[in-house]
Each structure stands twice: as C-alpha cells, then as structure tokens.
Amino acid sequence: MMDSRKKRPSLAVEIAGIKMKNPVMPASGTFGYGEEYAGYLDLEGLGAIVTKGLSLKPKAGNPTPRIAETTSGMLNAIGLQNVGIDGFIEYKLPFLREVNTPVIINFFGNTLEEYGEVAQRLSDIPEIAGVELNISCPNVKQGGIVFGTDPVCAHEVVAHVRKYLKKPLIAKLTPNVTDIAVVARAVEEAGADAISCINTITGMAVDVRTRRPRLANRTGGLSGPAIRPIAVRMVHQVVQAVKVPVIGIGGIVEAADALEFLIVGASAVQVGTANFVDPSAMADIIAGLEKFLVEEGIEDIRELIGSLEL
Amino acid sequence: MMDSRKKRPSLAVEIAGIKMKNPVMPASGTFGYGEEYAGYLDLEGLGAIVTKGLSLKPKAGNPTPRIAETTSGMLNAIGLQNVGIDGFIEYKLPFLREVNTPVIINFFGNTLEEYGEVAQRLSDIPEIAGVELNISCPNVKQGGIVFGTDPVCAHEVVAHVRKYLKKPLIAKLTPNVTDIAVVARAVEEAGADAISCINTITGMAVDVRTRRPRLANRTGGLSGPAIRPIAVRMVHQVVQAVKVPVIGIGGIVEAADALEFLIVGASAVQVGTANFVDPSAMADIIAGLEKFLVEEGIEDIRELIGSLEL
Amino acid sequence: MKNFKTIILSNQELSPGYYRMRILAPGFGAMARPGQFIMFRSRMSHPSLLRRPFGIFRIGHLPPDCEGQPPKEYLEILYKVVGRGTSVMQELHQGDRVEVLGPLGRGFDAGQPGEEKILVGGGIGLVPLYMLAEELMRTSPVRLLMGGRTRDDILAVTEFERLGVKTYVSTDDGSLGEEGFVTEALVRALENSPAATVYACGPMPMIEAVYQICASRGVGLQVSLEALMACGVGACLGCVVKGAGHSDQTPRYLCTCKEGPVFRAEQLDWSRLGEENGYCEGCKS
Amino acid sequence: MKNFKTIILSNQELSPGYYRMRILAPGFGAMARPGQFIMFRSRMSHPSLLRRPFGIFRIGHLPPDCEGQPPKEYLEILYKVVGRGTSVMQELHQGDRVEVLGPLGRGFDAGQPGEEKILVGGGIGLVPLYMLAEELMRTSPVRLLMGGRTRDDILAVTEFERLGVKTYVSTDDGSLGEEGFVTEALVRALENSPAATVYACGPMPMIEAVYQICASRGVGLQVSLEALMACGVGACLGCVVKGAGHSDQTPRYLCTCKEGPVFRAEQLDWSRLGEENGYCEGCKS
C-alpha cells in the first residue's frame, strides 16, 4: 500500500476493445480533425482523438451567426459542416495516420440508408479504431424528428449501422429526452458496444435590441460547464441502465469535473467546449487525474470508475 | 411618437385575470413567504408574490446537504419543506394580507386526492389572487413518476384541481421532458388559465474526495443562469403551442434576461435563484425594464411580448 | 443599508493562506452584533454564482484624513483560502468594488455579567469571537482558548490580548503554544472555573467535542455553526440544522442563517450534527 | 509559446471607453505578423466562458531595469469597452494574471514595395494597422485615413505620425479633423493616387463602403474582419464568412480566425457580408 504511492498510477482504459492510454479524449466537433490543435498539446498524450462529425457528402452547415455565448455555456448551430468522407480520407486522414493515438470517427446520416452507407465506408478504413454514431444532434431535423429522442428510432438506426459496420460502435445520446435510460437500453440492445453522452441540450438566446434570435438557426445546442450537473445526472442514469461502457461528456473543464463522471461510472470522458477556452485543457486534465490518483493512493484509474458511495 | 418618450411607459400586465403592476414576480421557493425579503426591496413594487410551495400538511423536507453550487447554477433538494396550509394561514398570511400586491400560492400534493383537497382549501382564502400548481418538482417522487413528465398524468392532475379550485390556475411545467409543447397542450386542455415554466432541471454533483453525491438526496434541481438558454427555448416552444398566457422562468438575473423571455412571448416572468444572489434583483430588473422601454420608445410593455423577429 | 455596494480598503495576507479584508462600511457598526455575518461578493466579476458567508471580525475606523473629514468606518473579515471563491478574493485589490449583505443572523448572547466567559476558537473559527470579546470584556473576565493545526492557523491572538483577554494557544503539532487539542485546554480551564459560560466556533469535530465537555459538566454553551448557504436570509431553506426534539415525524429544522449561526447548545439536535453538516469537499477537519 | 500564462504590465484608459493594455510577452514579437490577433482571458476570474479576440496593436520593450536585466518584451492591445468581458478587463490591474493564445490567424500582405499604401481605420479598427504601418513604412509611402464618430473614437493617431505616416482624421460630428465619413477621405485620396493598395479595418458598414469604392476603381483591398469566435484556431467553425463563389450547392466557407482575419477582397462573397456578420447585440454601427 505504501509502495503504490511511489510508482506512477495507471491511467489506461479500454472501451469497446479500443485501448487508450488514459480516459480523456476530445468531444466531436470541438477539436476539428486533430490537426488544428497539434501545436497546442501532444496529440499522442490523449486517450483517443474524436473527429468532427462526418457525413457521406460534404456539408455546408448553417448560416451565421452560428455561436452565441451564454452564462458559463455556449450555444452552437454549426449545422454539422464537414468535409465529407472522401474529403476526410484525402485531406485529414494522412495527418491522423502519423499520430500514435486511436482515432474515433463521429458520423451521422440524413436517412437510415445513408447511415448504413457511411458505416460501410468507414469499415474499410484500417486507421480508424472505432466510430461514434451521432443520433442526437439537435440541429439536424429529419422530417422534424431527431432519431435519438425516440427509443424505437434510436434502436432502428443503431441496429442498421451495426449491420454494416465492422468496427467498435459507440452510440452518442441526446439529453433532450424525458428518460435517457430508456434510450440507452434501446441502443445497447441494438448492438452498440459503448454509449457516449451527453450531446448538447437545445437552447435559445435572443438579442433584445434587434429582437432576433442570436443564432441564424434560431435554436442551438448548449454546451460548456453550465450543463455539467445535468450531464453527470444522465451519465449516472445510463450507467445504471446498461452493461456496456459509458463515455461521459458535458461541461468538463478540469480534472475534478472528469472525476465526477468517472466516479458515477463513466469509463472515459470527452472534453468539448473547454478546448476552445484553453487548447491545453485536456493535457491539464490528464495531469490532474494522475495527480489525484497519487494523492489518493490509487494505483489504477479503473478502481475509481463507478466508485460512487450512496 | 416623440411625446411617448416623455411619459412613463406602462409595465402593467394581466395573467389569468390577475392584474399586476409589472410582469416581475419571484419564483416559488426562492422568496420564502415574502416576509423574508421585506427589508430588502419594496414588496409592493412587485407584479405579484409567489410563495414557497405549500402542501396539505407541513413537510419536513430532505436531510442536508440540500444545496450545492455548480458553475453559474445551483442544485437544490430542499424537498419542499413547508409550513402546510394551516401554518401558512396562521403564521404567514397575516403579513401578506397587509401588502398591496397579488399573492399567488404555489402548491403540490402527494396524491391526486390531496391535490384536490388543497385546491379546495385554497379556494376559500379570499386574499389569494391565484394559485400555481407544481406538477414538476423533480425531488418528490410519486411511486417513481413525476406528474408533469407525462401528458396524460399532467392532464389528470390539472383537470382534478380545476374541479375544486375557484381561483385562477397556473400550471407549472417541468423541463425534464422530450417535448414540453405536448405537456403544455395537455394542461391547457385540462383547464389551466396560464402556464409557468420552467421548473428546475434534474442534475447531480459529486464530491470527488468523499466520492459521495454533494446532495443528501443524490440528485437535485438545477437553477440559475446556467439553465437560461434552455428555459428560453422551452418558453418559446410553449408559447407557440398554447393560447393561454405563459410565465417565463429560468436563470433570470437582470433586465436583459427578462426581456428575452418577454420577447419570445412570455407575458410575465419569475425570478428565482437571483434573489439569493442579490435580494434587490427584482427591483433592479423592474427598473431595467422601464429604462429599456424608454430607450426603445415603447409605451406599453405588452407591445414587446412575443415581438420576436424570425 | 443591509444590501450595499462598497469598496475594499485593503486585503492583506495575515498568515499563509489567511487574509484580512477591510471593507468600507459607514454606519455598519451601529447595526452589527457579535456573532453576526455577512454575505459577500465581488462586483467586478463573479467567479461563483452565490455569495459567500463570512463572520464579521471587527468594526474599525480609519484615522480622519487631512481635510478634516470624519473617520471612515469599515468592517473587517478574516478569511481562509479554501476554494474557488476565496481564491479569487485573495486577488482583489484596494478600490475594487464589492457587495455586502448584512449584518445577518442571530449573534451571541452576552449572558450573566461578572461570570467568567471562555471563548474557544479553532482556526478561522476565531473570527466571530473578537467582537464578542470586546463586548464581554466590559462586564466579565474573558479567556480565549485558541487552537489550530500549526502556528499558521493561529490568528490575531495579539489583538485579543490587546483587549485584555487572557489567551491560551494550543497547536496540534506544538509549533506554537501548547501541543494538543484546544479541547484539552478547555477541560483544564473548566476545572478552575466550572461556572463559566463557553462560546465556541471552529471545525465541527471541535464543536462536538466542546459540546460533550460542556454537556457532561452542565456548563452553558453557545456555538456558532457553518452551513452551506444560498440566500443568508431564511428564504432558501438550504442551511438548516436539526433542532432539539427533531424526528422524522416532528421535524424541527432551524435555519443556520436566520435562527443562527449562533445557537445555544440546548437548541440543537446533537445526535448526528457533525455527520450531516460535514459538507466540506473532502475536508476532514 | 502560443498559449501562455503571463501578467499585465499596465492597463490605462486612453480616451473615454477605450483602454490600452500592456501584457508581458517575451519572444512574442518574433512570432507576430501585422494583422494577427490574440485570444485573451483573465486568469483570476472568468466573467465569461470564452476568450475574447483582440488585434495586436504593437510589440514593445520596457527599458531595462537597474539590475542590468534585458529589456522586457510586451504586447499591447487597445480595446473598447462594449460588453461584459471588456467591462471586467478595464478593472484589471498591473500584475494580474492573464492568458494569451496567439499570435493567431493570417495577417496582412505587404504588397508591392514603393507603391502607395492607404490604411483606412474606423474607431477601434485602427488596431491592426499600426504594426502594418511599421512594416510598410520601410518600403512604401503610407497614409492613414482615420475615422470615428467623435474625437473620443480617434485613437493613437500621434503614434502613427511618429512613424512618419501621413494621417488624415475625420469624425462624423466634426469634433476632430474633417467632418464626415472616412470613406469620403478615401475617395479623395484615391483620386490622387489611384494605384495604391488599400488596407481597411473598422465597422462593417465602413468596410462595405470601402469595398465598393475600391472595387469600382479596380484598387487592391485587404480587409480585416471581425466575427464571433469560440476557439480562434479553426476548430469550432463558428466564425465562418462566405468566400467568393459561395452558393448553397457549393458552399465556400472561410474561417475568419484561421484563413483571416485579413482577407483580400477577392476572397470574399460580398453579397450579404454585412447583413450576415452583423452579430453585435443591437450595435447599429
């Protein structure tokens, strides 16, 4: 016991077969395709790299203004602007290939078929360690309904993707639901190897002088420290509802925030908006986790996962 | 038009027949029974006074810790501690009777029957201008389900109360739902004269050293500026779904925040957590609203309600 | 003048991790009673949403300046840097704008004149005892038993001595005064003057030990408690402690902010007080 | 040294509502190009979540102090108090801890040596033009046309004059220099030297007017744009403007933070630029 304090604690975790040096990775859409932050932190120090959400074809995204700051949060309605799968393979993958860190591709489709098609295309790219399925983006409406807000639709899309995908599959849930545990059980049953949550919470802000919404898209997704207590609660619910590992997301800024998610049972975490505020945030969080383990005399971070005392 | 800038703009509004000098009132549970703040602001300057939630019998509430601060928000699990109807009439009403401001009683029950009984009791108190029905508190579980998260249950409880209540009825909605518009339509149909929203959003925070939830109740309701964009979005949705007036609540700290709610269509607003931070907050907000109207050359605040430009 | 905007006159480190802040507060002394507190926030930027509660250490006056103006009244708080709010406080400067809500709560009861008064302070818990000592010294002999982990936690003792208070210091590590707990000093003190009244403020384990000592000897005790607070005025019901006679059937909650922070020992339910009010993030003290 | 923690050397009001902040930044000058910007935040407390973008006004050196230390390098920003973030900035003091991310973005292109350069600045839009003037003055004649609503909005013009830049001031109300818009001065200036290159930074209506003037005369133009920014490094895609040839079918978005903030006029889609980037809360300028 005393000796354990001397050797460096282990931060390694494994999610759906993806081995990570530590449980910290960027949240999709907040870290570009990795390259944007290469000058600010060591990408090989991260648990994984999660890309901006990709779709089959390039996507232009929404008109501006696309972001609005709110109290301890931000709204975004980027509209899933991305280079598309071909653009990704041509322009972004070559850089990521050289980085010794698992790459997780976040993706979405506009129809069930498109989801399947993207899954198939991604299956053929060897450099990809796993995929994260975005069924939860509040900005993209599919005939008015968002896949992830309905357990039946969520099951359908995950099952469909599962059929075509030969990679570990992480299903990313939306928080804009009455009971996230129900959706979590549905996607687990449909074959997800892991669950990540939460995506952004739909919000709105108004410019009181012009009387117009502050986002061209009217509403957008709220992220940042403002939503953390909601995210911690939902991750706690999901962990109790399913057996697959859960990745906690929402408002993580510092190591203590990441610890909250791990303690309620997340096996790893994603850091989103905090990257914008401080490009070295994830490096600081990883260092902070190690420091915490040393201080508490914990040898392996996995001992901490789900250690909540009730 | 030029002259209008000289005379004082009108701030008066009317909600469900309750005439208010201005659209600003405290949110239930954040202003005690009014008396607590009498030394800090002029209670007669408020649009209305909304009391702490009352139940048939006194209620002890939850064990401590009951509150936890989060980034730009707070979690509470007070557990609806209150003096009960008789206690209210004996100890609290005499003070309120002397204040020339409409009094709105917030109340809840543990069963449908209890809701009805409270409604009947309240109907007999002449000093009460209206009641606000809390069907949304996330801390009180009723066989595991919260009335307000299900449109059918929400309809049932409002219809039941409506039967016994001879006062204007405001139904207060919970934000912990997939689609708040559906619940709003249900309570409108059941006979609510107005709708107020939002109540707190369920959240959780963990003490990473002790690994215990920071609230004895484990989860609690998130309030404060952190939730404002979510509240504005939901009020916007509700306003478009129903015809009855809507009272906007959630994270209002200053006049500009109140204006966001009015512009998306709220007929009045409630200020909650901000009272804790600054007991004069509502007085400042009312003054700020008047200043805004003067600056913008608006004669009557009702012109602003629902003035959102899309 | 209970919710006022004002400025900082000075903000200086007292001992490692402890600061003394002087806040301009004309007319404050006439309102404030020993044991009361304020809710504080910086107006410039709010690192935190809620205000922070701090005991009133002392009321003072700046010497009149050359233009023959009346002396400026100020209030003084002593604070320990423990978290986000207090970390930012330590970086505030003279002239920075702040907001003060107070004086709040119920203070100490001076008790019988003449009878000895024993003040027991643990670390930053010393704060509310200074104004109390000022008041008690007018009518009674006063002793201060001051405890802390190390010498760094022993604050402002000379200021009590200047009032004429007899002070006894103990530290856990013996780095100042006697080695040991302040409660040991209390046991000895009560052997000499069993008829005294005790006033205590400090960490919960100290308060509980003091309660045991006084209760078993039938000595009168007033304690100043801390609790998580949102409003400070009795509206949020966040800061409650269980009162004597509390049970789930007949709940008797007391607001620390309004019915306290000072309580007579008889008012409280001591059975699980420490356990249930041990809210500090990982603080084992 | 692109994301660094440092301290404020000074923070002084320049003219009502405008401040100059000097930030200690060793080695910064070797990296920074005219037209680049930084993302700034206070470390002490964050009134806002996101950092705020500010142009780099100038790099300078403090005179070596008595101990014969090398002169300290600093960067200077000029800022206008407009909202929450900048309101808190004005209350920061010497020694306060801050964080700087930068230099960021693409700066100005110096163009052909010898050919006249006309700089057009509107209000706080003057900022990125100073380092540009320093660079251009080495090879070309440089004129500054500076506009603002009133004399209070005319900043740092003497500093440009000290570089040898010919400066012309106009104000909307005639309170300093000529009465009228800076664009009128531009029209006149271009009559005299039609072969010049124009560099402009200021409010969007000014930028659009400058564009019309230059486009109709075939004069080369570089503009520095503002946009709402979250990351400043091209990751969030919040700050995009439409590039030339943009259509819904073939979207051509450019990140203001990474591909800008300086753009050659030809790069942009001017059709609805002003309208779509009019993000300022009720700002009609």
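Should a chain be cited, it is by its letter among A, B, C and D, assigned in written order, with residues numbered from 1 in that chain.
The rule is simple: a contact is a pair of C-beta atoms (placed from the backbone, for glycine too) under 8 Å apart; a residue touches a chain by one contact, two chains touch by 3 or more.
Everything quoted here is computed from the prediction, not taken from an experiment.
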Could you work out how far the Cα centre of chain C sits from that of chain D, in whole Å? 52
Chain centres from averaged Cα atoms put chain B and chain D apart, in whole Å, by 46
Taking each chain's centre as its mean C-alpha position, how far apart are chain A and chain D in Å? 36
Touching two or more other chains - residues of chain C: none
Among all residues of chain B, which ones touch two or more of the remaining chains? 71-73, 208-210, 225
In graph terms, nodes being chains and edges touches, is this line, ring, star, complete or other? ring
If you go through all the chains, which pairs of them touch? A-B, A-D, B-C, C-D
Quick one: which bits of chain A touch chain D in the complex? Just the residue numbers, please. 29-32, 36-37, 39-40, 52, 58, 60-61, 63-69, 71-74, 76, 78, 81, 207-210, 214, 216, 224-225, 273, 275-280
Chain C - residues contacting chain B, complex: 2-3, 41, 48-51, 99, 101, 227-241, 248, 251, 253, 258, 276-277, 279, 281-282
Counting only contacts in the complex, chain C reaches chain D at residues 42, 44-47, 88, 91, 93, 96-97
For a test of understanding, state which residues of chain A touch chain B in their complex under the given definition. 70-73, 75, 149, 176-179, 201-206, 208-213, 218-219, 222, 225-230, 232-233, 236, 251, 253, 256, 259-260, 263-264, 292, 296, 307-310
